[in-house]
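Look at the two complexes coming up: subunit A is in both, with subunit B in one and subunit C in the other.
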Partner chain A sequence: MAVTTSGSAVPMPAKRRGAQLAMLAFAVAIVMGAYASVGLAVDGRIPAGMLTYGLGLGGLVLAAYLVLAKFAPWADPLILPLVTLVNGIGLVMIYRIETGGSKLASASTQLLWTGVGIVMFSVTLIVLRDHRALQRMTYTAGFAGLLLLISPLIPGLGQTLNGARIWISLGFANLQPSEFAKLALVVFFAGYLVAKRDVLALAGRRLLFIDLPRARDLGPVLITWAVSLGVLVLQRDLGSSLLLFGTFIAMLYIATQRTSWVLIGILLFVGGAMLAGLLFDHVAARFEVYLNPEDPELFYKFGGSAQLMEGLFAMGTGGVLGTGLGQGHPQLIPLSFSDFIFAATGEELGLTGLMALLLVYALIVERGLRTSLAARDPFSKLLAGGLSFILAWQVFIIVGGVTNLIPLTGLVTPFMSQGGSALLANWILIALLVRMSDSARRPPPQAIQDEGMTQVFQR
Partner chain B sequence: MNGPLKRASIACLLMFGLLMVNINYLQAVRADQLREDPRNNRNFYARYEVERGRITAGNEVLAESVEKPDSDFRFQRKYPHGPLYAHITGFFSPESESAIERSRDSLLDGSDPSLLVRRSIDLFTNKATKGANVDLTIVPKAQEAGYEALRRSGKRGAVVAIAPKTGAILTMVSVPTYDPNELSGTNKGDVFGRYAELDKNKNKPLINRVIDRTYPPGSTFKALTMAAYLEEDSSRGPSTMVEAPQLLDLPNTSADLPNYGGSACGAGRVTLQFALERSCNTPFGAMGMELGYDKMLEHAKKFGIGGEPLEIPMGVAGSGIGPKEDAAALAQASIGQRSNQMTPLQMAMIAAGIANDGKVMKPYLINKIADAEGGEVETAKPEELTTAISPETADKLQQMMVSVVNNGTATAARIPGVEVGGKTGTAETAEGQAPHAWFISFADVQDPEVAVAVLVESGSAGTDASGGHTAAPIAKAVMEAVLDR
Partner chain C sequence: MSELTLLLIRLAFLAVLWFFVIAAVGVIRTDLFGPRTATAPKAAKAAKPHKPVAKPRKGEPRQMVVTGGPLQGTIITLSETPITIGRANDATLVLSDDYASSRHARLFPQDGQWIVEDLGSTNGTYLDRSKVTRPTPVPLGVPIRIGKTVIELRK
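The block that comes next holds the complex of A and B.
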């Protein structure tokens, strides 16, 4: 794959494959050390399964690395090791919570799903040689996204778990389709906005310092708003609702550069949420808990603030350095293996561990956004930007929720929470980012055929 | 599109920044508050994570932490002697602790700053930190003797013995008592239920009667009145004659102060020694009035009454002779009635002060605290609390109190071959309730090793001798146990 760079004034990005491999090994080593640490703390022995887990994870990411080296050689070298690290820490935490006596946590299932996720990552890289193919599937993706989103409502298919109707039963496994819907909808938003962005950017009336868009262009915003509220109301899934609408607004802003869209979006969402709060008890209850989590009455109420407070108690007890892996009490935190895995991690790894973890997430997002900036066509820019943003936004919503920065809305902590659907969807998301970073960093070919620039928008 | 993308990137950065600021706030600023929240069950588990130090006395283990395999809680607190030492060790319940368990909690659980070096060594040698061990001044044999003797009386009461020369507390019995094992379990429901039951019990078994509440000291207080009277004029002695009418006229009142049961005291004019032996009320009432309230208060203070609150290390309820009122009140206070209120410990301190040639030592319970490896953390240093009376006065008073035991109301406290000094007491309480029986004593006069105060609630059957009848044998049992060790 030697590339001649003669005649180019711009320094070519290096592939840095050696560095990537070293970082992968480092990530796997950290994870194995964490496994050993849990075992030593819990029963004074290095856990018997450590080698299996370590070699399993190591083998899987090595395979992923080889696929990446072959099919996306110019890809950003940082993304895969960072994701491996977060995924690995998530595995260790679930293993730790399982040894703590939780009957719902299962580290081996999670390792299996990690394996499937990495296979999906590889398959995506192998099959999708050019991500711009996705642009041709804009409306297909939109339709698929909507279908996935409403699938839990289909009688006989949908399942209600923990009060939210966001699951579908496939017989052998329960799937959370909103995680895949998230991907399909970002693809749809990217394709749609690239096509319509000039129209949406047209200024209508001017109010104070803000150029309002034309009234008739509000259509798509209102539709997305309605869909988001529908998710909130019909599936009682506050998190996904906020996630989708927020991402749409962010992508709309990136595409049109119009601050007014952001303001309109925020107003619409706040209005919708307030309306929902007035109409639905569970929304109002969440808000009440957010404002007064320490209120004893709310604490002892069923479905009150106890869950949130247990998470905060865990983090407070962890303090700056944490109790150490295997030495906390994650069994005291409800849903410590899923929604509250961040709080459980905070107890055992402390502020230090959480800062590092947030930095790793921030770095993944940063590499994604960098890809977006470096991308050469609007669709790639918007897709990479949207995928990076949705990742950051999801971390913000769930971590902000469990730390009482914003009202708590259930969402998966990407790559950490137990759950196959989320892992699969997020590994595919990473595959898309890797694919796009490969094409963004690849030295430009001699002949350029840019469909994105020549596509005519349809009206 | 790069402009808005950069702004979106800044938005992402801000989101992560906010999350980071927030977790710093939670885990650094608010951490202590969250950690210590009573609803945070981690504190509950943490209580049982550490091997808490032992509490010992002599060769006996009074409290220890025993490993509990296959349980959510690593260690369980055990009190091998059950109710015997309950008020001394206290209990270790899921959310609180009492007595020594409470006052030396941070040493027992190993978190005290003075154990920092030990903890650091443990950290590097990878040993689990253990709490420090607390050794008490209690003499197990005397404690058992006092407990058994008081329990046999079937009454509520208190027994306390101190070493006059050091202030070390040798015995501290309060009856009724409770089993600290029942309050130290890990099942909150059981423990709190049992606690509420004990707390509601009208006999108040949770109270340590030696230090937690005060009683009118009755005639035992005459020892102090006598001390004050002798100290004021060094020419007075056991044979000094005083008036001892059948009724003492109390000025400005229609009431008179009688002797116990209205009986006569000798021939109306008696020696001080006789007055003390027979425990006549009228001469002591007169002595108090002659001294005046201020003098009485001054001498009471010299025995530690009404001074700085004592900590042994548990806090001791304050004793006092009552506010300044009229002469009638003073006369009654001088014989240990009216508003005169003393803890049994304070009465033992009076006996000990007299026995120790006038020097009152500060009472204490903790002999030594050593870390898990035996390194010394804290050792008791006997401290003089006050000088109550001169050695000469002390000598006169000792002789008179020995005479009380040999010839007076306290013959039940005689120990063959040992010179015992003592004073009985009967304290009237509420109307219709039997009076409290008291006895204070010390032995041996030449080399005082023990001073005792015994209180038996409603233990008097009706005669002044009943203090000597009910309470003195209990004191005798304790003194024998101490002297014989």
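The block that comes next holds the complex of A and C.
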């Protein structure tokens, strides 16, 4: 009795559905404004495609919103609008690069993939009612992740594009399995670390000021290290290698709160990368470009620093306020629609626009970490933390590469770069975060009656 | 299109982009300034002035008080989050007591009750006189002894 009357007094987290819908409409409006702005600058009139693209995107996210409202009503109100904005800005930039004369950029294909991505988002939300089901598939996910990771190496299936063997051909389309592998591996890391965190966190000895783990507990770190170095050497994919290992180290740190793991991880990776730099040409070439991008010899060499420098020139031209949408020269940057979309955006929107975009990414990550803090079981905490970290880490690696802060590695900018696999995988990642934020924010079941040994709970 | 129009469009677009970011931050300001209640019920309003964070449910402890040992007098306001007790620096209540383990015991809320759980400590956790061997609900005012420290839950 006391429970039912006072139950209404317990502070309930608000669903904030109205705010979510308003932010979604705002995001779609910004994207449509961006289309109009591109058209006005290029041809002097509002492009015919604006309504198609704008309403297409609007309809898709409205469908996603309805699925979310039905199947994850307590989910975080910000994740979907933020992702919609980044995805939409990416679409506009690809459209802009397409009108700029690039043969490979195709905004309609990207819109199609966005549609498929949103379908995958909805399917994930509908099928996966309780993300803790994933914990039971820990080792299955780990095996699937490894299989996906090595699948491009299988003769007949794998394809080498732009020097990296990270594609598999499915007849009708080329797929980049490492994008899906990273999801499976984060699930595996989360499940594995939940089971083993105690021994990894507590066993060991103290040396000077850090707690060192026991030598025999180094196994998992060394295995992940070996796998990511294998990716680096066999598939020539620097980005995925760094992404994979960094995520494992971050999740290990989240699980154990032990700084020594981070130090060990950094030492291992730096050591491995330097060794790879000495032994393999493609890694050494990246280092060379990183250290002397201005070198004219490197600039005119095939696969040299031209792409990086054009990106830097573009961002320099953009300056603080940018040249304006549709008024830059993104066609000068090779691959400006995929790896270098950030530089192309930087030219047209300037530092001001890039900062806003980075903040939107930061907010997505913040919502993910917030979900991780609010989650009630260790598996969800680790999974949400790992998924948010991998998103942040990916943005850092590619933006750091494009701005020459770190050696450039080929990774896609999440949700912005043209590419179906990455878009699909990232929409599934967002669906997982939404699912977890739903269960973290959902109020606990209230007891209907308060007496006796048996209690009836209302769900 | 004249230069001026394009310049205005460009600046307006950036302004709107930033306005979006600011609006997004506005939606999550609850993270910074505490939880907002949904369609504020009257009971919550009445209970708010003196305890904004604690759940104003009847018969539920609101604070944990250290009644014995070196930390005597310390009061921790209970919220939804579990409380860890031990010598480790990251514990909620950090003890400097040779008889306590680094992660000694944990108190957590479950269905309106606070449960004490021993985390495999060397010298054990005692609820009143009996040793805590499995997670046990803590009634109000019953002393929990950890090494030299005695704590109890109060309203």
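Assume the second predicted complex is superposed on the first by the 434 of 459 C-alpha atoms of A that agree within 3 Å, B and C clash if a C-alpha of one lies under 4 Å from a C-alpha of the other, contacts with A are read in each partner's own complex, and residues count from 1 in each chain.
We take it that a contact is a pair of C-beta atoms (placed from the backbone, for glycine too) under 8 Å apart; a residue touches a chain by one contact, two chains touch by 3 or more.
On a predicted model such as this, the values are computed, not experimentally measured, just so you know.
S.K.: Classify the contacts of A:Leu354 with the two partner chains as first (subunit B alone), second (subunit C alone), both, or neither.
M.R.: After superposing on A, A:Leu354 lies in contact with subunit B but is clear of subunit C.
S.K.: Just subunit B (first), just subunit C (second), both, or neither: which does A:Gln257 touch?
M.R.: Both partners, subunit B and subunit C.
S.K.: When the two structures are overlaid on chain A, which partner does A:Ala27 contact: first (subunit B), second (subunit C), both, or neither?
M.R.: second
S.K.: Determine, under the contact definition given at the top, whether A:Pro330 touches first (subunit B), second (subunit C), both, or neither.
M.R.: Touch status of A:Pro330: no partner.
S.K.: First (subunit B), second (subunit C), both or neither: which does A:Pro152 touch?
M.R.: It touches nothing on subunit B or subunit C.
S.K.: Would you check which partner chain A:Gly246 touches, where first means subunit B only, second means subunit C only, and both and neither mean what they say?
M.R.: neither
S.K.: Check whether A:Phe313 is in contact with subunit B, with subunit C, with both or with neither, and answer first, second, both or neither.
M.R.: Touch status of A:Phe313: first partner only.
S.K.: First (subunit B), second (subunit C), both or neither: which does A:Leu82 touch?
M.R.: A:Leu82 contacts subunit C only, not subunit B.
S.K.: Contact-wise, after the overlay, does A:Phe396 reach subunit B, subunit C, both or neither (first, second, both, neither)?
M.R.: first
S.K.: Residue overlap on subunit A between the subunit B contact set and the subunit C contact set?
M.R.: 257, 350, 366
S.K.: Can you check the complex and tell me which residues of subunit C touch subunit A?
M.R.: Residues in contact with subunit A: 1, 5-7, 9-11, 13-14, 16-18, 20-21, 23-25, 27-28, 31, 35-38, 41, 43-44, 47, 55-59, 90, 111-112.
S.K.: Help me check something: in the complex, which residues belonging to subunit A touch subunit C?
M.R.: 2-3, 6, 8-16, 19, 23, 26-27, 30, 33-34, 37, 40-41, 44, 77-78, 81-82, 85, 257, 321-322, 324-325, 327, 349-350, 352-353, 356-357, 359-360, 363, 366-367, 370, 444, 447
S.K.: Give the list of subunit A residues in touch with subunit B in this complex.
M.R.: On the subunit A side, the touching residues are 250, 253-257, 299, 309, 312-320, 328-329, 332, 346, 350-351, 354-355, 358, 361-362, 365-366, 369, 372-373, 378, 381-382, 385, 388-389, 392-393, 395-396, 399-400, 403-405.
S.K.: If we count contacts the way the header does, which residues on subunit B are in touch with subunit A in the complex?
M.R.: 1-9, 11-13, 15-16, 18-20, 22-24, 26-28, 30-35, 37, 39-42, 45
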